[in-house]
Amino acid sequence: MSQFLRRIISLPIQSIRSFHSFDDVTPAKYISTHLKNGLGSRYVCQLQRLTIQVCKEFRTSYGTREWIANDLMNFARQHPYVVVYVQPRRHRAPNLIGEYLSGDRQWIPLSNCDRQQINWWVHSLLTQQGDPQWRLLKQMHTDSPSIQGIWTPFTNKPNDLITRTYPDKDLIEMEYPQMTATQQIQELFEQQKTNKTT
Amino acid sequence: MFIRTIPKFVPDNIHHDKEVQPLYNKVNNLVKDKYQNRLFAVIQIGNEQRKVTTEDIICKGDEFHPTIGDRIRFEKVLLVGSSDFTIIGRPILDRNFVRVEGIVIEKTLSQTQMDYWYAPRKKKVGQRHFLWRDPLTMIRITNIEILEPIPGTNQSNS
Amino acid sequence: MVRLLRYGTIFGPLKDRWRYLYKNDLYKRRIEAGPEPERFRSSLINWNYDAELYACTHRFGEKMNIESLRNAMTDASFLNQITKQRTEAGLAATDQTTLSFTHNEELAKRGEEIAENFLRRALQFWYPKFPKEGIDAVMEFLISESTIADISLKLGFKTLIRCDGPSPRPKMLKNALFAFIGAVDENNDRSRAELFVSDFILTHLVGKDINEIWHIKNPMGLLTKVLEENGRQAPESRLIWATGVSSVLSTYIVGVYSNKEFLGKSAGATISIAEEMAARDALRRLFETDEKRASIPFDKLYKHGLLIDK
Amino acid sequence: MAFNKAQQLATFSRVWYLFDAKWQCPHLSGEKIARILRGEHKPIYYPGESTGDCVVAINTRHVALRNDAWRAEALHVRREYAKTRYDIPLFKLHELDPTKVLHLCVLNCMPMDNTRRYDMARLYTFPDDAVPAHLLRNVCDQIRGSRVIPKRLDNVTSDDIEKFPQMFKWPKELVLDDLDRDKFVRIVPPEEIPKRQVMLGQRAGRQHYWFHVSTSRHEEVKIN
C-alpha cells in the first residue's frame, strides 16, 4: 500500500503524516501570525534552531548524510539566523527537528529520504511558523473588515421614518404605480382637448 | 410596466468633462492628504480577486515561487478606494497611479486531506486512498498608496 | 480504518498475560514518577550558546558585539547565583571585576528610556489630536510587563536569557528585551534602536483600537469639554431610528449633534447605551482615531517627518 | 470591542415592518413578505443564517383575490386516512379565519426547509385595523403595496363622474338606473331557496366540501 502511495504522490511519504487521526475532526483556526510579523521594516524568520539527527552507518540515513556533506554549509551560510545542530546517533533513524521562536517544535522523520527530499523538508521547516496542523477556517484575515462602513438596515433609507406614526397613508401606495386604463383614457382626452384648442 | 427613464448615452465629451472635472479635483485633493485615510484595494492574485487593506493577511492556496521575506508588488489592481471615494480601473489601474505591496510571511502545508474510493470487489482491489497536503502561502499586505493624481484629469501629467 | 473482528479472538488481560502486567506496571511507575521537571534548554546536548547569540544578532539584522549581547541576556539573578556558588565553594573572586560579564540592569534602563521616549513621540506624531491622558493610557498598555514579556517570549528570548531558573519570569523577559534595545543603541546608533521599537513594540497596536485601550468613564462630559475648548456649542443627542422598541431585541440609533452639525452616531440596545456609544463615536471622530484613519506606517515614520532627536 | 458590539447590533437588528393588506393581492404581497421574513432583501443574507425581519400585516380581511378565485380556488386538506380529504373554498376559509388566506399565501412562497416555521413565526396578521399597541410601537417601516388601490364608485363624487370623459352616449332605452336596486331586485327569503346537499363519501374533488354549501342568499331576479 505504501509503495502504491509513493508512486502516485510527488511529495515524500512524510508529508501525509497527520497530526490528528482521521477519525477525529482536525482542529480549526483562523490565520494568525506571531507579533504581526512582516509589518515593520524587517521580517523575522521564525525558525530558531534546526537539529538533524543522523546515523553514520545505516542505509536509512543515506540521503541525509549526502545532504549534510553537500548542502549543509551552503544552507548555514545563506541562513545565518538559524542555528543548525548535527547530532550523530548510532543505528537510529534520521530525524529533523525544528524549534521555533514561539516555542513550538516540529518533528519530521527522514528515513529513506533522498537528498532532494531532505532539502525540500529543511526548506519547508524554514518557511513555516511552527504551529501544528490546522484546518484554516478562512482564507484571509483582516482587522478592518470595512472601510466605507458596514451595512445596517437603515442605510439608504429615508430619514423621516422615526417621525411617522404607523400605519402611514403615504407609505401604503406603490412607489411607481402602473398606468391604469382609466388614466390612459383621461390622458388621451386631455391631449385631444389641447389639440382642439391649438 | 413601471415608468422608468433610462439616461441616454451622450457622446458630447465637453459637457461630460464639465460635470466630472470638479469631482476629479475633489478626489485628487483627498489623495494629496496622504496617509491620513485608510485605503483598500481589490487585487487579482492567481486567477482570483481579493479585497485587501493594509495589515491583512491573504492565503494563496497553490505553488508560489517567492520565499519568506520577499516583498511583492501587486500590479493587477482592479480598484482602490477609501472612506470617501472609490476609483475603479477599466479593467485594471495604471501601475504608475497606485502601488500595492505585500510580503510573504509563511509557506506551509494545509491539513492532510483524504479522498477515499471504494467499490465492492475482491479484497483490497476496490479500495483506494488518496492523501495529500496542499502548499499554502500567506502574504501580508504592507502598503497601499496612491502615487499621483488620477490619470486623464487636468492635474495629471499624462 | 474499521476492521472486522473475528469471533474467538481474545483481548485484554487474558491475551498475553505477561505483556498486560508489564505495561500496567510501566504505566503505574510513570504515574508515580510524576511530571517531568522543567529543564534548562542549555542542558540538552544540542546547545551552543555562542552560536545562538550569533544567530540572534543576524535574526534582527543588527550588527552588534557578541559580548554586549551576552551581557544584555544575562539577568541579575544569574550573577547572584554565580557569586553564591563561588562563595559556597570557597573561592575568593566573587566581585564583578573578575567576571567577564555584567548583568543587564543598566542596559535595560537605557532601553526602556529609549522605548518610552520614542513611543510617546510616535503616538503624538501620528495622532496629534488624541489627548495626553489617552496617549498615557496607550503607553501604559505598551510598556506594561505583560505586553513586553509577551513580545520578548515571541522573539525567542526565553531560551537565550541566562537566569537562575529554567523558565524566566516576566520581569526577566521584560528586562532582556529592553536590554537588547539598549545594546542596539550602544553598538549602532539611536535610530536603529528606535526602529527596533517601532517594529516590535509599536506593532502590538495592530488589530487593537486605541479608543478602547483608553477607557473613558464619562464620554458625554468629555465631549462637552472638548467642544467648549474648540468654541463650539454643547452636544445634543437625537434619536435617529428605533426598531423593536417593546421587543427583546430592541435597537436604537442615536446621533450626537452640535449646533445641527453631525458629530457621531451609534447603535445600542437601550437609549442610554446608544447615547453613550454615540458620544464615544463623536470623540473618536474628533480625535481622528476612528476606523477610516490609516494605521501607523511603522517603517516610514521618519520619512513622514518624525525627527530622531528633539 | 464596544464599537464592534454596537456595529454588530446595528447590522443584525430585526426591523419591524407594517403591511396594509387592504385591496392587495395576497399572492403578490405574499412573495414580498416572504422575502422580508427570510431576510433575502438584505445584503448580509446567507442561507444558513436567520437574518429575517418581522412583519405586522393588518386589514387582511380586505384582501382582493384575482378573478373568480374566492369561489373557484380552495384549500385542499389531506387528512391521513382514506376518504377523509376535503376542500375548503377560499371564501369559506375567509369566513372562518380572515387572516388565513394571507398567511397561506406567504407560507406558499417560503421554500420547503427547516427554517420555514421559524420565519413564519415572525409574521403577525390581524383581520382589521385593531393591532395591539405594543406591536405597533415596534414598527419602524412600512411595506408598500403591490397593487394600486382602486377608487370605489360610492367614494367618487358626482362632479367627478360628470367630468369624466364619455366616449359615446348610450341609447336611452338601454340605460337602467343601476343604483336604484330595489326596483329590479328582490331579496329572496331563505325559505324559498332550494336546499342542495353535497353528497358525502365521494372522492375528494373541487366540488366536494365537508360542509353544507348553500346557494347564494339573494338571487337576482328580474321582475318585469
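To keep things simple, chains are lettered A, B, C and D as they appear, and every chain counts its residues starting from 1.
In this text, a contact is a pair of C-beta atoms (placed from the backbone, for glycine too) under 8 Å apart; a residue touches a chain by one contact, two chains touch by 3 or more.
Fair warning: this is a prediction, and the values are worked out from it, not measured in the lab.
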For the interfaces A-C and A-B, which has the higher count of C-beta pairs in contact? A-B
In angstrom, rounded to a whole number, how far apart do the mean CA points of subunit A and subunit C lie? 24
Using mean CA coordinates as chain centres, what's the gap between subunit A and subunit B in Å? 16
Taking each chain's centre as the mean of its CA atoms, how far is subunit B from subunit D in angstrom? 50
Between subunit C and subunit D, what is the separation of their C-alpha centroids in Å? 64
Find every residue in subunit C that makes contact with two or more other chains and list them. 206-207, 241-243, 253, 267, 291-292, 299
Residues of subunit A that contact two or more other chains, please. 22, 36, 39, 45, 143-144, 147, 152-154, 161-162, 178
Expected list for subunit B, residues touching two or more other chains, is 38-39, 55, 82-83, 142
What kind of graph do the touching chains make: line, ring, star, complete, other? other
For the subunit A and subunit D complex, residues of the former touching the latter: 150-154, 157, 161-162, 166-168, 171-175, 177-178, 180, 185-186, 189
Along subunit D, where are the residues that touch subunit A in the complex? 7, 10-11, 13, 15, 18, 20, 22, 42-44, 53, 58, 129, 136, 139-142, 144-149, 164-165, 167
Applying the document's contact rule, which stretches of subunit C touch subunit D when the two form their complex? 209, 211-212, 241-247, 249, 251, 253, 266-269, 274, 277, 280-281, 284, 291
Interface with subunit A, subunit C side, in the complex: residues 1, 45-48, 51-52, 54-56, 58-61, 151, 153-156, 158-159, 195, 198-200, 203-204, 206-207, 239-243, 253, 267, 291-292, 298-299
Within the complex, which stretch of subunit B touches subunit A? 1-4, 38-40, 50, 52-53, 55-59, 61, 67-69, 81-83, 86, 103, 105-112, 114, 129-133, 136, 138, 140, 142
